[in-house]
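Each in structure tokens, the structures are laid out below.
Next come two complexes built around chain A: one with chain B, the other with chain C.
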Partner chain A sequence: MERLYESQKLALWYFWTAILLFGAQVLFGLIAAYQFINPDFLYGVLNFMTNRMLHINAMVVWLLMGFIGGIYWFLPVETGREVVGIRLGKLAYFAFVGAVVIVVLVYLLKQFGSGEMLTLWFITEGREYIEAPRWADIGIVAVALTVAYNVIATTLASKKITGILGVLIVDLAALFGLYLAGMFFTPNITVDQFWWWWVVHLWVEATWEVLVGVLMGWLLMHLLGTPRKIIEAWLYVEVMLVFGTGILGLGHHYYWIGTPEYWLGIGGFFSSLEPLPLVAMVVHAVYDAGVHKLQTVNRPALFWAFAQAFGNLFGAGVWGFMHTLPQINLYSHGTQMAAAHGHLAFFGAYVAANLALFYFILGKTRVKEGYILNGTPWRIAYVGLIISMFGMVAALTVAGFAQTMIERATLGSTWDAYIQAQMHPWMEEAFRWRMFFGLFFALSYLILLYDLITAGRRVEQVKEAKVAG
Partner chain B sequence: MGIGWLEVVIATLFVSIVVSLILARGRHWLEPSFWKVAATITSSVMVIALILLSVDTVRKVSVGSKRVPHPSVINKEIGYVYNAERMAMEPVFGKEVGLFGKVWSPEEAEKLITKGKLVIQSRNCMDCHTLLGNGAYYAPDLTKSWLDPKWEKQLVPVTGARSKEDAMKLFLMNPDKYPTWVRRMPNLKLTEEEAVAVVAYLKWMSAIDTNGFPANFPEVKVSQADQ
Partner chain C sequence: MLADTIYKLMLYGFLMVLFAGAYAILYAMGRFSRLPLLVKLSYLFAFLQFLSGMGLVLSGYLDLIWRGIIFFSIVAYLFIPQAMWKVVVSLHKRHGH
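Now for the complex of A and B:
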């Protein structure tokens, strides 16, 4: 165990908060999933719209917190010094948590307001994924700026800029700058959605991907001892491929919102290539697995890192490609296909990355030199979360195909077509399967939580570790 | 200015590759610095292309453009028909019929649409419905909701309204009273003024040229256009 930098303690706060919000995400997901089966459940009390919003917002926030935690963990290691504005960083953490609590309470207790700017400022902005009211947006930007300041100031103070830090700084600037594109009101829904996708797409399909590339690069360097030169070369290749395909891949959101027809070709072409960097990462993961024969001092971190590479390829790459071409998207746009893709992509690309980082940090803080972090609970949680996620995604994919074919291709996309598709056994059964696997996922989450709390501290684990060590 | 997608694709890829190769010449392809150049150039080219395309797009979808008509279009009959030449469905406009029994001046229409959008955001419509196909999947897409046959077929008789827009208004104010199937829309406490604004917004949204989405929608024809 090494002595921790203050910044690394802050990283732990961020990770624990993230994991608790992960629980909130699962809880509201379960309620929303159950409402698909029994729409009277909590009707008028906690409507689907509120549960769905909390389900997704909890996810966005906890993933971001995990990323910030990852940055605060590795930043002092990379620069060899304490983070410059660490007090500011801690203050920002409390501001962030406080803001989240207030926003959630308002979501739960007030839920919606009247059609005025005041509602957008203080209750909800009513734009999917970035529903947080405007005051909270400003808070998020302030928190983000402190993180960016800390990264830049610490890098400058250490008087050396590594390739990884360079990529991180550019990426953070883009990531937080983009958020500003989501902070305005316009009556023109086409213009609204045009900029809204700048935030949503250029976050999850560009800047978040690169940020995770940075964090996973650090993880592999410190976990497996992969040489910096290889990590940096891969990181640059990844940046080239992610930005090279993902920036104009944004066009796949511009097919049907009123924007010009050239986006069909541009979006279709570049977004079809978006899986390329993900394939590259899997190649690298398989190579690493072979070189190290899956042996490491931190088995859960390594396995979650592999899950990240494969999950990202399947969830973002394969499931994204399935409906990214305009020829199919004309029919599948706005169906459960998107839900299937979203679930697997976020889990594979970002949840797995966060868990890998968290386990790595727990290993560093709890396990003595010469011992390994291992055990049974993490394996159960690992297998459970992955199987149940694939189960949910399979169910939603079936529902998505059925909806695309019945509502869109056959019955003509009307209100009645929607109802008929939703009432079709192919969709109804799928929603029940999704519920089943959702419960399975929730149980696996509880095992994960137990393991995160006790990993490296359990008596039997210390013994096992001694044998292995 | 017409922009072809293929030209954009070829130009961005060509410039990225050629400039990267020129600037990285002399470096071994296994060196990180080779890929650093490639990453920087490719990202920059794509960002520049996106900015140029965005400028063009925002101009083409501004209020009053061909793709996003001025709000006063709510006074007209709006239809949605298949254009054989384009091989896609597109909105068409007919004679002036007004909305809620009156013809709205351009300023009034603009104010009404702004109000409608505020109501739509304040009630979080997107977390159950999709608008232009974006949102949640718990309730029907609203892109062409104004043109949906269900209003006249079912909601006008059930609400006892005299017109489609009145039926929409009554439904929006008390959706819990008029269930259409097991999932009921909750009562989001819309005032009459707010409900009128939302109906106007839905009508306006149906006038946006969405490149044929949703496809296969039942055609709605309009009487002789008097443009």
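Now for the complex of A and C:
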């Protein structure tokens, strides 16, 4: 085991916080899923709108924390020195965690009352997915700026700029810059939505994808020994494809918000090309799997890395494309179809990436040279999380089909049509199945948590390592 | 009638990308393992991908420009796994990995 840089210790703090928030996401998701079946459950105490908000916000924050942890882990390795502003980095971590606690308490305790400028600053901004009040938004930007400063200052101090660091620096500039687009108040809802999507889409489908490309590149270099030149060349191809299709793919969110009609064409065209980089990534993943015959000193990290490539294709590609054309999206927009796509896309692209990084770091901190990080619990959690996620997605897809076909295409989107679709057996059955698979997912999360706490410390792992050694 | 059309369009779109992915995975596996049978099987999925895409093109619900875009996509997806395979292999060869 190597001696850790302070920055790497900070990375561990970020990862453990992220994993706990992952648990919070699952918990609030379960309550929200049950409220679909029994709407009276916790009504007036913990309403559906609050649960849904916490479920999604927890996900955004934990994934972001995992990414920041990944940057703080690999940055000193890449530059060969301690991170320049490590004390600032630690301060930003505590500020981040403190802000999350305060925002969650406000979500739980104060969500009713009159809406004015003061509420926008201190209670909620009211924008879906990024409801955090403005003071917290400023905090998120400050944390992103701190990370960007640390990356740039450390790179300059080391006098060593690599291709991966170059891509990371440009991406971090976009990461904090785009968040600003969701922070100003506009009374016109079309204008407001226009900028809001810059955060929601461009963050997720452009800057996060590239950030994950950087982190997975570092992971493959250190896990499989893939040469830097290959990683960097591939990263440039990926950045070109992701930005080339993803930036204007933004147009598929502009169909129905009041923007000019040409967005239908732009959005549809670039969205139909968005699965392209995902198919390309799968080819490379199969090649890498073949070269290494799935053998490595850290099997969970490798398997989650492969799950990332394939999950991205299914979640973002297959489930995204089926309702991305405007002619279809006119009927499926805002139904459970979008929820199905969102669940699988985030799980495949980002949850898998974070878990691969976390297992890699655990291997580095707990497993001695020549030993293997393996075992049974991670396999159970791996299979359980993937199966239960596909189960939830399948159930939501059926519900989305019912909404699209019955409520929208047949009955014409009236209030009565909405009620009829909600009470249709296809919807009711689907929500029960989603609940079942949600519980299955929660159980798999607990096994994952157990494995993360004990990985590298259990007796059977040491035995297996001796046999392998 | 409309619901039936939308249902078919969604299904064709879903299958198109699903088969494109299956084609890419099987093609790469077949080439890596030097199993011509697997490569041939991947072409079946390439054909199915093309067929699903043609379902969208010939549905009669989409305008000419959209049919053109979809047709361009399904033709492009026929060559992506092969092109990416060449890129990946040459990249690894050049750097001795």
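Here, the second predicted complex is superposed on the first by the 467 of 469 C-alpha atoms of A that agree within 3 Å, B and C clash if a C-alpha of one lies under 4 Å from a C-alpha of the other, contacts with A are read in each partner's own complex, and residues count from 1 in each chain.
The working rule: a residue touches a chain if its C-beta (ideal position, glycine included) is under 8 Å from a C-beta of that chain, and two chains touch if they have at least 3 such contacts.
On a predicted model such as this, the values are computed, not experimentally measured, just so you know.
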Next item on the list: Go through the superposed model and pick first if A:Val106 touches only chain B, second if only chain C, both, or neither.
Entry: neither
Next item on the list: Could you say whether A:Leu439 touches chain B, chain C, both of them, or neither, answering first, second, both or neither?
Entry: neither
Next item on the list: Kindly classify A:Ile123 by the partners it touches after superposition: chain B alone (first), chain C alone (second), both, or neither?
Entry: first
Next item on the list: Please work out whether A:Ala409 is in contact with chain B alone, chain C alone, both, or neither, and reply first, second, both or neither.
Entry: both
Margin query: By the touch definition at the top of the document, which applies to A:Ser114: first (chain B), second (chain C), both, or neither?
Written below: first
Next item on the list: Using the touch definition from the top, say if A:Lys229 reaches chain B (first), chain C (second), both or neither.
Entry: both
Check: Looking at the overlay, does A:Ile138 come into contact with chain B only (first), chain C only (second), both, or neither?
Finding: neither
Margin query: Tell me which partner touches more residues of chain A in the superposed arrangement, chain B or chain C.
Written below: B
Next item on the list: With the two complexes superposed on chain A, say which partner A:Phe321 touches: chain B (first), chain C (second), both, or neither.
Entry: second
Check: Touching A:Ile387, do we find chain B (first), chain C (second), both, or neither?
Finding: neither
Next item on the list: Return the residues of chain A at which the contacts from chain B and from chain C coincide.
Entry: 229, 233, 237, 265, 269, 331, 409
Next item on the list: Note which residues of chain A are touching chain B in the complex, please.
Entry: 32, 35-36, 39, 43-44, 47-50, 52-53, 112-117, 119-120, 123-128, 131, 163, 185-194, 229, 232-233, 236-237, 239-240, 243-244, 247-248, 250, 253-266, 269-270, 330-331, 333-336, 338-339, 403, 408-409, 412-416, 418-419, 422-423
Next item on the list: Could you pull out which chain C residues touch chain A in their complex?
Entry: 2-3, 6-7, 9-11, 13-14, 16-18, 20-21, 24-25, 27-29, 32-33, 56, 61-62, 65-66, 69-70, 73, 76-77, 80-81, 84-85, 87-89, 91-92, 94-97
Note to self: List the residues on chain B that touch chain A in their complex, please.
What the structure shows: 3-6, 8-9, 12, 16, 30-32, 35-36, 38-39, 42-43, 46-47, 49-50, 53-54, 56-58, 60-63, 67-68, 71, 110, 113-128, 130-141, 143-145, 148-150, 176, 180-184, 186-189, 191, 194, 197, 205, 208-218
Note to self: Per the contact definition, I'd like the list of chain A residues that touch chain C in the complex.
What the structure shows: 226-227, 229-230, 233-234, 237, 265, 268-269, 272-273, 275-276, 278-280, 282-284, 286-287, 290-291, 310, 313-314, 317-319, 321-325, 327-328, 331-332, 401, 404-406, 409-410
